[in-house]
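In what comes next, chain A is part of two complexes: it sits with chain B in the first one and with chain C in the second one.
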Partner chain A sequence: MKAFIQGTGSISAQDSTVFPATIREYEGNRLPVADPDYKQWIDIRQIRRMGRVIKMGVGASHISLQDAGLTMPDAIITGTAYGCLADTGVFLNKLVTQQEDMLTPTAFIQSTHNTVAGQIALMLGCHGYNNTFVHGAFSLENALQDGLLLLQEDPARKVLAGALDEITEYSHTILSRFGLYKNAHTQQLLRSGTPGTMAGEGAAFFVLGAEKNARSKAELTGVEMIYRPASAEETAGHIAGFLQRHGLQPADIDLLLTGRNGDVRGDAYYDNIETTLFAGRPVAAFKHFCGEYPTAAAFGMWMAVQALHTGQVPAAAMFKGHAPATLKRVLIWNHQHATHHSLILLTAC
Partner chain B sequence: MADLKVQIIQQLNLQEVKPEDIENDQPLFKEGLGLDSIDALELIVLLQQHHNVRIANPEDGPEIFYSVRTMAEYITAEKSKQG
Partner chain C sequence: MSEQVWIAGGDVICGTGLNLAACLDAFEKMQPGMGAMQHLRSAHANTFPVAEVKAGNDELAAMAGMPAHWSRTALLSMIAAQAAWNSTGLGAVSNYRVGLVSANTVGGMDKTEHFMETYLQDTATGRLREVVHHECGSITELVADALGVRHHVSTISTACSSGANALMYGARMIRAGMLDAVIAGGTDALTRFTLNGFNTLMILDQQKCRPFDDTRTGLNLGEGAGYVVLVSDRLAEQTTAWCRLSGFANANDAYHQTASSPEGTGNFIAMQGALNMAGVQPADIGYINLHGTGTQNNDSSEGLAIVRLFNGHYPPVSSTKSFTGHTLGASGGIEAVFSAYALRHGIIYPNAQFTTPMKELPFAPVTTFSRGNALRHVMSNSFGFGGNCSSLVFSE
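Here is the complex of A and B:
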């Protein structure tokens, strides 16, 4: 099953209204979202209760619906690893400091993983299918697969699917203790050659439809996940098999877009397969634009869709080789901690 | 009442509302500030946290939370009972 991407929306560390002509550079160990004026999409009476990730998700979903010229989707599907982390922290903190007394409802009702999908539905008055996938670094991919299955059942549907995650002070402190992050500059991050990366956050949404229309920007040709492959060789076998199932060879991929994040421990996987399975193929990356987070592939997919739509790959995205003159197929291969590998195949339409 | 207005704005995160924007007798719910049932729960907690005042009978809520003035009068009355 495939789908046509008819609208996209992204809120990330980059200003999506000017990216990639203007790229924001960061120094430190995290890339915070460049918050737009959320009041352009959300009533001020509603916005006061929303945490950052809710605003990010609602904002990105609005942009994608506007881009698709759609006012009411038939289904809303989100993917998130951490959910509404900030509100969860607020609620749990009050639970402890106030000794389980005088707890207010706002933080609690805003703290569930499904809050964003629910909030989008409430604002749109959408009573259709509503689901949230919480599967760590596979959350986006499960949301996309669910969207494809819905379209297989009923090709007339329009599906709003996306993913989101936020950084909070608590989460960043805790994750930093695992040695995941390092201080770097985004321009040097990918070739830093040391352990650690830069944290990121963001939300990206896509309007999927079974039929190609005037607004279609790219085709979502396939999505697959690989959990805990034993080696780079096994991963390469999975990637080759995935391409074969779509009637393709590695040479048919015009651009390999990897989740390379500058952490030498995980990038070794990319180094291996870029020089074997995809030897000589152009390779690009996206995490020096958005940072590392479990649903970062959503930003990569947003960027790839723009590239396929315009036919141009941002020069700053290229990691190996030159941007292809013609762009027909992009394979996004992302992994987190070498345990969660995902493949998203996009085709120009 | 000025302090109470600041507390309401902070508790409910009323962005872009200043204390002077809230009139003493302006209805807080529906046509006034546009507060809703979740805000009512937040206001109950505000009374407990900031003024150590509890609402014994929930049915009195609409009357107590009608405006800033009615809230202030309720706080004053309850405080005087507490001595």
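Here is the complex of A and C:
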């Protein structure tokens, strides 16, 4: 199962029209999305009613379709851990404070997790396959796997797959109480050496097709999820096995792109395997650009596709070693709380 | 790779019964599960009947072997998923590559809405254990961990079609050779969030719902969980499979965020796609388990799509939501269990509360329970918000 990535689109804390030539730096405990002008893609009357995550998702999906030169996909698949938090929060607040009285439907309608995939279908008039995965740090990965399965079942399809998550005041306050975040500067985040990271949000989409075409930017060679590995050794074994199934050794990976986020507790896990299985391989990171959220790997994948397409790894992305002179294969390895690991293998095409 | 995907077993828990056997009994005795709220606390307790699972969280927790402070969504899921797996006689989960694909729409919202009562007064308060399992995926993992499922866990949320999409995704992973067995279906607990949400849409009936009845005025919310166990050809040889999941399709209506198109475009494409994959004609379908929510909009769109597709060859149809209420993310799973079991045992379920045929339809739902029907193919429909439409076909 593999696919060619024909187009990508990202809305994140970075301005995707100038990244990585210009990188936005942040200080504090979160990286908010750099909102583009959503009027480019969405009717102004609709914009006012839409939650941010819906706008981000619709915007990023439009950019990726444009990039692929595609007007109508055959399938729309989204992944989101939290869903439409802002609308959920609005409805919950009124439910509690108004004691279940005088509620209005808009926030409820927009609170369902499939709102973004439904909106994209509605705006495109797309009657094709439509699915939404809501499984934490496996949401993007399942969306991609579903897309790969669809292409294996029918190679004529073009699949729009992506992931999105938003920060709201409620979610940020509550997640902060779990001790997930700290105040830092994005330039120092990865080497901060203390517990906690910076929160992020964003949306990224990819147009997948079975055949290489003039627009193809990279090949999505494989996706794998590892659930609750018992140890770093087990994880390393899974990674080696995944590479082996694609006829590769760790040394064949030109760049390892990890999900390190500056939280010393989780980064130790990356250190361990980077220095054993991937000893001497260049390592890059992406969460100092987009922040930490369960579908942040979508930003990492967007960045990696761009790097494979241009042959250039942004210098600011490098964490260990030097940016490789030739870039053929990138392995994205992301984990959340050491319980959810995902592997996304990309190849230049 | 597996050529076919088999249903090796399944079970449910819902307002009609704590397991499949109890539900069958209720269908036969025409005893719908709707009534006044006993467990959900709501300002609308005396206004809207609901189909609650007839057990408190302590009792469910004991049945599930889980702590009673966990979300009711997880407790319901565990009870049905464990029973579904046990029904296959396959033994230890750890002997196979097993996945859990579970759908839900509310996650741990039952706990979150309680948390918010305190949190909204002071954001430093509210017990974090009430929101730690807020995410839909977290509910699936509580159950996967309790069952010992390691090879694949995922959660799908496409509103009211979620459970059916879980079966589809599971079946496709088996076909691709990725897994040997998948426990697939959905779960949802009643919450004030969904009750009030549907109330703002003005589609809740204050009486027992009347699906496919001309006098229908809305749906009753229900709760529960339902899972089938999908297995590969190889595993099917080790068990007595109920039937095959022979066809399925997912389409989008692309008409409105919550409403169905009047002619049921998405419904038609989904049903047609499922028939095509199963390689059967409309006339081969022996029974349709309708989505049949009881809202004006759904039943009209679904009915007209059936008219267009079946074109005179109308099989017996009924909505088991007239007994279970609309269990949202669970409904596709619960109704898949009912449909697969119906095929295996030649059962056609009745549609309760039916009196008046819909003017626009040339067919009406079945109103009596019957056994001994020669069923070769059964269809199950699930349609939802966001235009999400899915249809499944089970074959002998």
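Methods note: the second predicted complex is superposed on the first by the 349 of 349 C-alpha atoms of A that agree within 3 Å, B and C clash if a C-alpha of one lies under 4 Å from a C-alpha of the other, contacts with A are read in each partner's own complex, and residues count from 1 in each chain.
The rule we apply is simple: contacts are C-beta pairs under 8 Å (C-beta built on N, C-alpha and C of every residue); 3 or more make two chains touch, one makes a residue touch a chain.
On a predicted model such as this, the values are computed, not experimentally measured, just so you know.
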Comparing the two partners chain B and chain C, which touches a greater set of residues in chain A: C
Contacts of A:126 with chain B and chain C, given as first, second, both or neither: second
Which of chain B and chain C A:11 touches, first, second, both or neither: neither
Touching partner for A:48 - first (chain B), second (chain C), both, neither: first
First (chain B), second (chain C), both or neither touched by A:115: second
Contacts of A:142 with chain B and chain C, given as first, second, both or neither: second
Partner chain(s) touched by A:177 [first = chain B, second = chain C, both, neither]: second
Intersection of chain A interface sets (partners chain B, chain C): 103-105, 109
Residues of chain A that touch chain B when the two form their complex: 44-45, 47-49, 102-106, 109
Of chain B, residues touching chain A in the complex: 11-16, 34, 38, 41-42, 45, 48-49
Interfacial residue positions of chain C with respect to chain A in the complex: 42-44, 105, 107, 112-113, 116-117, 119-120, 123-124, 128, 131-132, 135-138, 140-141, 144-145, 150-159, 165, 169, 172-173, 176, 192-193, 196-197, 199-201, 250-258, 265-266, 269, 384-388
Chain A residues within the chain C interface of the complex: 1, 76, 81-83, 91-93, 95-97, 99-101, 103-105, 108-115, 117-119, 121-122, 124-136, 138-139, 142, 146, 149, 152-153, 170, 173-174, 177-178, 225, 227-228
